[in-house]
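Next come two complexes built around chain A: one with chain B, the other with chain C.
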Partner chain A sequence: MGAYSAIWTARFRTLIQYRAAAFGGLVTQFFFGFIYVMVYEAFYASATTGQPIALSHVITLVWLGQALLGMLPWNVDPEVKAMVRSGSVSYELLRPVDLYGFWYARALAQRTAPTLLRAVPLVIVCGLFFGLRPPASAASAGAFAAALLGSLLLGCAITVLFDVTLLWTVSGEGIVSIATSLVVVLSGMNVPLPFFPDWLQPVLRALPFRGLIDTPFRLYTGDIPPSDLPWMLLHQAAWTALLVVAGRLLMKRGLRRLSVQGG
Partner chain B sequence: MPQIVVENLVKTYRVAERKRGTWGAVKGLFGRRYRTVHALNEVSFTMESGELVGYIGPNGAGKSTTVKILAGILVPDSGRVEVMGRVPWKERIETVRRIGVVFGQKTQLWWDLPVGESFDLLRDIYKVPRGEHKRTREELIVLLELESFLDVPVRQLSLGQRMRCELAASLIHSPDLLYLDEPTIGLDAVSKLAVRDFVRRRNRERGITMILTTHDMDDIEALCTRVVLIHQGRLLFDGRFEDLCARVSRERVLTVDLAEPDAAVGDPDAISVTRTGHRVSLRFDPGRVSAAELIRRVTARWTVNDLVVESIPVEETVAKLYRGLSDGSL
Partner chain C sequence: MKRFLDAFRLLVRYQGISIRGQMQYKASFLLMSAGTFLITGVEFLAILVLFGRFDAIAGWRLPEVAFLYGLVNVAFSLADTFSRGFCVFAGMLKSGDFDRLLLRPRSTALQLAGQELTMRRAGRLTQGLAVLLWSAANLGVAWSLGKTALLLLAILGCCSLFYGIFVLQATLAFWTTETLEIVNCVSYGGVFAMQYPLPIYQAWFRRFLTFVVPIGTVAYFPALALMGKADPLGSPLAFQVCAPLIGAAFLAMALQVWKLGVRRYQSAGG
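Let's look at the complex of A and B:
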């Protein structure tokens, strides 16, 4: 494990240095959070029929989403992207480590370091002033923590899958823009999944993306009872395993056809 | 048993071709034409443990491709390669554990982290025992004079400082084999000498096998007894560097400083004569006229204050060689 934790440490230390980015991100997230909250308040005030979840839960979901946005696999690892472009990716292959594990460790750093920087202040401020409620119960809090870990592992598997596509497309722009919309919409980041039409619910439940946001967040609000946790974890774990296998296979093929840029 | 065996190595790339301009880019969206480029064409050589071989050739000759195949990064189309008894691309992880690499134009250090931290991270990645790592690290820091900037992030180092750090980083796990890909590119004279001196000492004292690719012929002259020359993916020469130069040209130059300028200075056996004021240079082929004979003739007819006999500069010889390669005259 030494090598993988080393690469995680290296990325984590690098990312934690970007204070300006963290501050900028924080401001952006407050801004978007307020817009979402205002939209939902207006929507609930003018709605005539009953809604699938309470407004206070929705507001909590919004703030959790803003706090943990960095965990969502909505982009490739910019460092991997730069390496593939410049050809430094060859150095990655010169290390006596499994490249998939290496990139997964990078993804873990990428999804945790910036998130920690933003989440802590955001949760404190929103918890005190802007309607972010505490977890529904101690059991919900525990379930949330477990599912959040599941979400992190799943999110990293998706991130590495995106990274691997760079071996084909180099720029990664196309895949990222498609992936962004898929992940943001289908995870429940934009609009909580209960608001989607009934006929779509079975699909949303089966897809991996709900495991990223919907599962942990609604366990937090108690919207999903803590007793459902085992099923939720199983869903996350199954998809994580599948995506890891897919990522490995794809990486193997990508490396075979690799021609290192820049001579 | 040789440490590196390369037999009939072939590697081709498919390069997408695109017409120039915007219209060409638009057309490229719909259909692409590919051209096959032979990066390596039936290349064979072997290397013994402890050798320091210069691997030269013009840009695009296939040098880096070879190094990348030897390091297990690229998979060749065909041919046999064994590095320390292993096929590098099949047993990449085991092979690279004993290899160090410096790519002069890339970095293996963490751009935003202090150099010292990069060394520690490499220790963890290569699982070097702490005691051993401490010893190697201290030694490299002293030899390469890194002490003063160990705490500086890599991005703030000068190129010369960075290259010394790259060298240290490539050796932190005490590899048996080192690939140096243009390690002196862009360095000033002092840094070049420092790098060369260090490389030579590591090779002699530790017996590390090294492959050096470079365009700097002074590197080759200073470090390598054996050179391998490739051009357009084919191996053209494998032997002593002097022999390669001799094959291109044996010409030498006699330069004399005359007491009185005289436009008539010359000799029937000189290939060419250049005059600048008091100084006259005669290019000659020692096969046709010996240096001693030429000096005798010149000093007999003119009063000479000073004289020197030189070989053609290596750079010039190699330029001639490369030009000869591309127009097929060699």
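Let's look at the complex of A and C:
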């Protein structure tokens, strides 16, 4: 365990250095956040029928999404990608740690450090001025925190799965980019899931992706009552376990057929 | 005129070479195109989902919003396809490769425009075109010759504007040597914002999209004229029809600024 936490710490310290990049990202996040908020306000202003979720909650979801965008598994680990390309991934096999655990620890850092840099200023500013509401209650806040941790673990399992596909595709942009658009839609990042048609809701509830955004965010606003938390955590944990097992199996097969070119 | 034709012929030749080069990797091209088709399709999916719950936004129905979306996305993807040279320009500046362009007896802007025709962007173009054609058929607009010409003009105007933004973004690198990622937020954010009619935005943002980076001007106003919709902002029809020219003017201005940058350039290499 010590080795993995050392990997996480080292990676976290490296990533936390990119403050200028974080600032650029922050401006972008504000810009897109404002557009989303204005679009939803206009839709609600011309709404004739009742909506499945209140406008103030939608605005809160928008800002939470912009703040925590970096937690979403939307890309591969750029260094793993470079390693597979150059062939130095073979050195990874020599390390005295489990490779899956190693990549998972890297993913944990990748999903936390940049997010932290952006989320803190964004939450403060939007909380004070732009309609990001506080959690519905203390219980909702607690449930949000627990589900956010679940979301992180699930997101990292998906990230490593993306990393593992690189062993097959090398350039790895085709498959991962398609998978990413699935994640963005089905997690509720793009449009909050309650807006999707009613007949689709059971499917969305069953799939793993809602655990990334929809579950923690709507626990925050109170749309999902805190008493549902155990079920939500179970959903996240079950999918995380399944994806970790799948990732391990794929990694094993990928490494067996791995041939490094060059000498 | 002869010089212009000659430049155009050279540009076409550049693009031909670039296409042949990329077609050596057919599978990669197809996968990447499918990828961009899906990723950009996600944005339209969001519009579809929201229109499943809402009938209209500020009096605009789904085909009308889709029309605006298609117009902006087709224009953006065209500009994106032909502007790869300007995107990689900051790297050329750092490595000193830009000096080679200066040695050739053609304008630097022409050479950068001919750098690469990025075919994997075809995914976004196909997707935007599909939405545009679907909405054009469902708007209930009689597509006369005049209207079709105005549509093409609007696409060109909007495309020129995006191209102008890319050129300006590259030009900034003469001063900063880094590409400023923040400018992406203007181009991508602009495309995203202009999927919806201009009046839904607050005054400060509307002014930004009308006067500072006139994406709204070149997309929203011609779309109104094409659909025969009244403008709550009160613009006259003559202005709506002429608005695409502003995109051309913006591009011309950007190319002048580019020339300024080139004149200022001092090579770092030895």
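Everything that follows uses one rule, which is that the second predicted complex is superposed on the first by the 260 of 263 C-alpha atoms of A that agree within 3 Å, B and C clash if a C-alpha of one lies under 4 Å from a C-alpha of the other, contacts with A are read in each partner's own complex, and residues count from 1 in each chain.
Convention: contacts are C-beta pairs under 8 Å (C-beta built on N, C-alpha and C of every residue); 3 or more make two chains touch, one makes a residue touch a chain.
Given the structure is predicted, the values throughout are model-derived calculations rather than measurements.
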Contacts of A:G24 with chain B and chain C, given as first, second, both or neither: second
Which partner, chain B or chain C, touches more chain A residues: C
First (chain B), second (chain C), both or neither touched by A:V191: second
Which superposed partner A:P96 touches (first chain B, second chain C, both, neither): first
Contacts of A:L55 with chain B and chain C, given as first, second, both or neither: neither
First, second, both or neither for A:A246, with chain B first and chain C second: neither
First, second, both or neither for A:S86, with chain B first and chain C second: first
Touched partner set for A:I35, first chain B, second chain C, both or neither: second
Intersection of chain A interface sets (partners chain B, chain C): none
Complex contacts: residues of chain C adjacent to chain A: 28, 31-32, 34-36, 38-39, 41-43, 45-46, 49-50, 52-59, 181-182, 184-185, 189, 192-193, 196, 200-202, 205
Sites on chain A touched by chain B in the complex: 2-3, 5-7, 9-10, 13-14, 17, 86-88, 90-91, 93-98, 256, 258-260, 262-263
Chain A partner contacts - residues on chain B that touch it in the complex: 13, 59-60, 64, 68, 71-75, 92-94, 96-97, 99, 101, 103, 105-108, 110-113, 117-118, 121, 124-127
Chain C-facing residues of chain A, complex: 21, 24, 27-28, 31-32, 34-35, 38-39, 41-43, 45-48, 51-52, 171, 173-175, 177-178, 180-181, 184-185, 190-191, 195-197
